[in-house]
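Note that chain A is present in both complexes that follow, paired respectively with chain B and with chain C.
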Partner chain A sequence: MLVLFLAAAPSVFDSFTLSQILTKALWLGIAAASLIFLSSYGGMISLGQTGIYAVAGFTMANLVHAANGRHLGWDPIAATAAGIAVATLFGLLCGAIAARSYGIYFLMLTLAISVIVFYFFAQVTTLSGYGGIRSVTPPALIGNPVANPAPLYYAALVASILVYAGIRYLARTPFGLVLQGIRDDPARMQALGFNVPLHRALAFGVGAFIASIAGILSVWYTTQISPGGVNLAQTINVLVIAVIGGLYRLEGAWIGAAVFSTIDNYSRLWMPNVGDWLGPDRFETVIGVIFLVIVLASPGGLVGIWESVWARRNRTRRGPTESSGTPAPETVDNDVDHHAAV
Partner chain B sequence: MPSRVDLRMAPRILLGLLGAAVVAWIAYKGTQDSRLFWVVTLNGITLAALFFVVAAGFTLIFGLMRVVNMAHGSLYLLAGYIAFTLQGSWYGVSSNLLSGTQATVVSWVVPLVVATIAIGIVGVAMQQVFLRWNQGQDLRQALITIAISVILADQMVAHFGGIAEAIQQPAGWPQSVSLLGVHYGYFRLVVGVGAAVGVGALLFLVIKRTRFGMIIRAGVDDQSMVSALGVNIQVVFAGAFFIGALLAGLAGVLGGTMLAVQPGNDSAFLLDSLIVVIIGGMGSLGGAAIGSLALGLVSSYSNVYLSFGTTDLTNYSILLTFILVVAVLAVRPLGLFGRPA
Partner chain C sequence: MLRPQRNVEFRRLLATAALGLLAVTACTSNSTSTTTSNVIKIGILSDCLGDFGSFYNDDIGGALSVLAAHYGGKASGALPKDGMTGAKIAGKDIQIVGFGCSDSTASKAIEETRRLVEQLGADILIGPLSGDEGIAVANYAKTNQPNKTFINGIAGAQEATLKVQAPNFFRFNPDGAQWSAGLGSYAYNKLGWRTAVTIGDDYAFPYTSLAGFIAEFCAVGGNVTKRVWPPLGTTDYSSFVAQIPTNVDGLFVGVGGAGLITFLKQYQQANGKLNSNKVMGNLFWIDPQLLAAIGTPMVGAVAANMIAADDTSAQTKAYVQELSVYPATQKDAASVFTLGYWNAMTALGMALTSVNGDISGNQKALQAALAKVVIDGPYGKVSLDSNRQAIADNWVTQITPPPAGSNVPGLKTILQIPKVDQTFGGFFDSSSTLDRTNPPCTKKTPPSWVGHEIPVNFG
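Presenting the complex of A and B:
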């Protein structure tokens, strides 16, 4: 139902809403989905997704015709494939490095990776085009996203649906089940003979694949890529989106992204000026406050709030998972029950 | 039967060879121009001093309370801004030689003390309001401190602007000293390294020789036992957080004088703290010292010596930092002196 509605969206919404909010929500949602895939099914909260999508975006932007960068003149489709391949390989490498770290160490390590990628592109200006690569040529299918946002919207929508379905499918494969076992108890899985670091590295590679799709879409969306667009603030924004939506619910990725891009757009209009503290430019403060409130109040994010409201309406007593601080990760069995009308 | 080569040793052998190659290259370039070598080495050491002061606070807070304070970089930068503002508004110090007065020892030390203590108080307040009631939930606390760092970073841009400023060192102090045949900045070498050594020595004495330090060491090992023995662990936590934030503040004023006070420094120094404790091991002061030296020297050398003949690769210097982290983690997954939680 939702899919039909989204498919009809270009005829319902004006082109501004379409491009500024919906398309942005879709590709940001894919980026957040890569994070949520790792956290929900792998138990690994990674801040490295922005670094990986930066690699994909810069690789693709350097390969096609563009204003700066290497502009090697590749065909955009081939460049897209190359960008995704390079970023996935980089993701596998990072996964191999981080595979033996857990919890907070893993978070720190992936954060360090993202910031290092940022500094790399900021300093190696031959690859980042002295302040950004502009006028990146999208494939002929997409056309000019500024003039006609509909094709890019559909591309993002199709990609989002494929990513969502793909992750759900992967969760039911043997690989996915082993991964969830590792999430729940790595020591036991190791004792059962599974190669835990290998699985975690591979999972990170899958997350990198998803993140690289988001990176490519982001370059088509803005027709440019610059180090400033993949800095620490952006890394944290992706995390914020995932937390707002719900770190352990896959749908939360797109819900969080929709909330984020809506606030991003409308906050500049309605935000009152309170001295230096609030104002149209203080979007990051607003997002930070919302993020803080959600982490303090509802670790399950918006989807978690929705589910607890639904449960209270059904008068079902929840277990200890709702009252404790750390949210309960999804398991394959719960999927069947929790598909309430989204 | 052919003997099996242990493939797991391969990364370590590779890293050993890489390390030897790096040392050999630096030694070669160093003998070519020994003056430059000393300057670059001193750069590395003074940077390491700054990293140590920041990272010591970070690792102290983690070692005792298992809190990864992602707002540590924001505390660093806020201290710099507070000191800069105080220096300007209380004493009229300005970098503009025509309109402002020059800084004196008083007009540098007073803002330093005020800013450092203010940041210590901000740190404790943050801990009491946001972190005290959810102890043990590492990831959640990390997310909370990330949220706080986002809010602080944006508010600092709003209130202090986006251009780079610098805290003025006392005009009475010499600009440079002569050491080993080179002229080097007095402030960076004497005050910077001196502060780091002083902080290190003080922390060592407090932790190893005082009762408070003993309680901290016991708390690091077994929190609940310390509490059961009748020690008010909450007071200890607040005190340790105060010290940790104080160190971030001190580093902020030192860095603001040595380098600059500008947006972006918060994430830069957070990254540096993260790398130092990843290398040195969480919760270890000795590890923080070695980690800071490693990071400071690697950054400094790679900024200068990464050119081979005509190819200048110095803008790839960040890659060497990355390789350093990877190398340490390959050999010691928890850092050099890290212990598992």
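Presenting the complex of A and C:
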């Protein structure tokens, strides 16, 4: 039903909604999914995903025809592959550096990645400068995303499905299982002989690969990229999206992104003016309040709320069952655990 | 941990979320009605976030005041952002469909432009505010909306008109370089500077603003020995202050917005009190908000923009009176932000009147009328060149000690720079690149106004 709905969206919605709400939600969802993958399966809450997707976007934008930047005139598909490759390698490098740190130190290191990337591209005018790179040529298949948003929407939809399915698959591989073991108890996994930093660095590389897809889509979406669009505020936005959706549930990435882009757009229409306190220009206040409510009421995000409602309903139907008050990270089914461990 | 119900749960969850989104967006999509022939829809784009967010109500207040003063608009509240209804131009209802709230980044400006134009159905957009935003909106107008009309708010990057040349993007304010006209010659001929150093935020607008000083100063024989570029949003300027050499005759400051307050404080901590003969500022120095925030340190220094703040002529008084619908905006009448948006709406009102409110035919008649508009504004006439860029007078102004009972410095206009055009008499053209190192500092034929500055004294 959901797939049908999403596939039919271009004929249901006007081009603005398709582009500014749905396509935006899909690519932001992929960016948030890269963060949720790391936090949910690897126990790593990274603030570096925005910096990494910026690397992919800037690399691609410099390689194709564009105003500003290097505008080297590469074929957009080749430039996209190069952008993803460079960002993934960059992610692996950052992962290698950050892999031995945990908790707040990991958070700070990854935050530093995003800040460094922002200042790098803002300062190095031959690659971007503050004004960024404009009129970036998307592939012929995508065309002009403003005049005809459907192709980009489908590209983002297919990418989202592949990312979702890919992460689900990866979680069931031995690599994914080891990663979940490291998330739960790194010391024990080390004692069992697993190379913990290597696994964490590789996982960070996978997260970078996912984020880089979002970076490419974001450039096609606006046909430009500038440091102002990948600044600290955007880093926080990606985290807010993940938390609203559910930091420990992969589906939460797209749910959070859909809620975020809907509120971002429509709060400017709905919000009443209350003196200088509240009004359509107070989007950040609105999203901040929602963020606070979610964090206080349901640390598992919107998905967590759904789960607790579902659990309560089951409990009243079937009598008391085991239920956890706090969100549990993503974990694959036990039978697969067993199978893979053999 | 076993969760046998999860797949079913999530499918339902996603389906519910999707349907919810469908309901929400479908409901709101319906609200975007098509244009009827008796309604002209206008969107106003400004910044409510970022470095220039504090000018939000000055911007939209400048535009809406025109509707209130001339076209029967009724303010819906005390602040401009509360909206305005009831305005009619040439018998057509003017509907303000919404205000765009950007943050001085190109990506947000485009998102907000698209919301106003594509979602809310604006026929005409007034805005944006800041340099890079202006370039992005001009490109969007040219590539994606050739049948709608865009009138710049107060964005001042040269490229938006000189390079992009969108046939449906009009700018009734001078660009950043034009606002600096007169200062290069003043520094060389009056203050005796032979060498100078510049400092400005590292993005499109200051590139343009400082280019205006550099082009003129170098043309008359001066030499700019160093250009320092702190990133936009810098909060600690100490390392940039340290880069400013002291063995030069003068410093030209193009740091804007809130950054100027911090910069001046730190500059004085390092170098002592400002010597007004050795320092000069761009348009921000004489902005009413910043003047009030910074106070006396800048007294004696000279800056320039399109406003002669101490002019008390009937025309200026009439302009200030027009702003009376919004007292907070009226207080900032002498702000380029207020005047820029006022110019835009004034020009639109004149053009719409001249075509009798007819925006059919892909607005081509309206656009032709706009290109011919001459605003007889509070500080002189404003007309457009062939790239739809303003040609206007610029005013060199000296900051004076606060009047008795006030701690906000006064302003004394000293020179009128007549009919400043965007090319500086051929110094800039569509192939010009303005960046950290361009334009180069070269001695050449000075712009036409050098030597023809008109001394003024408004008493």
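FYI, the second predicted complex is superposed on the first by the 320 of 342 C-alpha atoms of A that agree within 3 Å, B and C clash if a C-alpha of one lies under 4 Å from a C-alpha of the other, contacts with A are read in each partner's own complex, and residues count from 1 in each chain.
Here, a contact is a pair of C-beta atoms (placed from the backbone, for glycine too) under 8 Å apart; a residue touches a chain by one contact, two chains touch by 3 or more.
From a predicted model like this one, the values you see are computed outputs, not experimental measurements.
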Combined model on chain A where chain B meets chain C, clash or fit: clash
Partner chain in contact with A:Ala54 - chain B first, chain C second, else both or neither: neither
Which superposed partner A:Ile216 touches (first chain B, second chain C, both, neither): neither
Which of chain B and chain C A:Val196 touches, first, second, both or neither: neither
Which superposed partner A:Gly279 touches (first chain B, second chain C, both, neither): both
Which of chain B and chain C A:Tyr119 touches, first, second, both or neither: both
Which superposed partner A:Phe291 touches (first chain B, second chain C, both, neither): first
Partner chain(s) touched by A:Gly131 [first = chain B, second = chain C, both, neither]: second
Touched partner set for A:Val86, first chain B, second chain C, both or neither: neither
Of the stretches 96-104, 114-122, 240-248 or 312-320 belonging to chain B, the one that collides with chain C: 96-104
Chain B and chain C footprints on chain A, overlapping residues: 119, 123, 125, 231, 233, 276, 279, 281, 284
In the complex, chain C residues that touch chain A: 1-2, 5, 9-11, 13-15, 17-19, 21-22, 24-26, 28-29, 31-32, 48-49, 56, 77, 79, 81-83, 98-99, 101, 103-108, 110-111, 114-115, 118-119, 131-132, 135-136, 139-140, 143-144, 202-204, 231-232, 435-436
Interface residues, chain B side, partner chain A - complex: 66, 68, 130, 134, 136-140, 142-144, 146-148, 150-151, 153-155, 158-159, 267, 271, 274-275, 277-278, 282, 315-319, 321-322, 325-326, 329-330, 333-334
Contact footprint of chain B on chain A as seen in their complex: 45, 97, 100-101, 103-105, 107-109, 111-113, 115-116, 119-120, 123-125, 231-233, 236, 239-240, 243, 276-277, 279, 281-282, 284-285, 287-289, 291-292, 295-296, 299, 325-326
Chain C partner contacts - residues on chain A that touch it in the complex: 1-2, 5-6, 12-17, 19-22, 67, 119, 122-123, 125, 129-132, 134-135, 144, 146-147, 222, 224-226, 228-229, 231, 233, 251, 254-255, 258, 262, 265-266, 268-269, 273, 276, 279-281, 283-284, 302-303, 306-307, 310, 314, 328, 331, 333-334
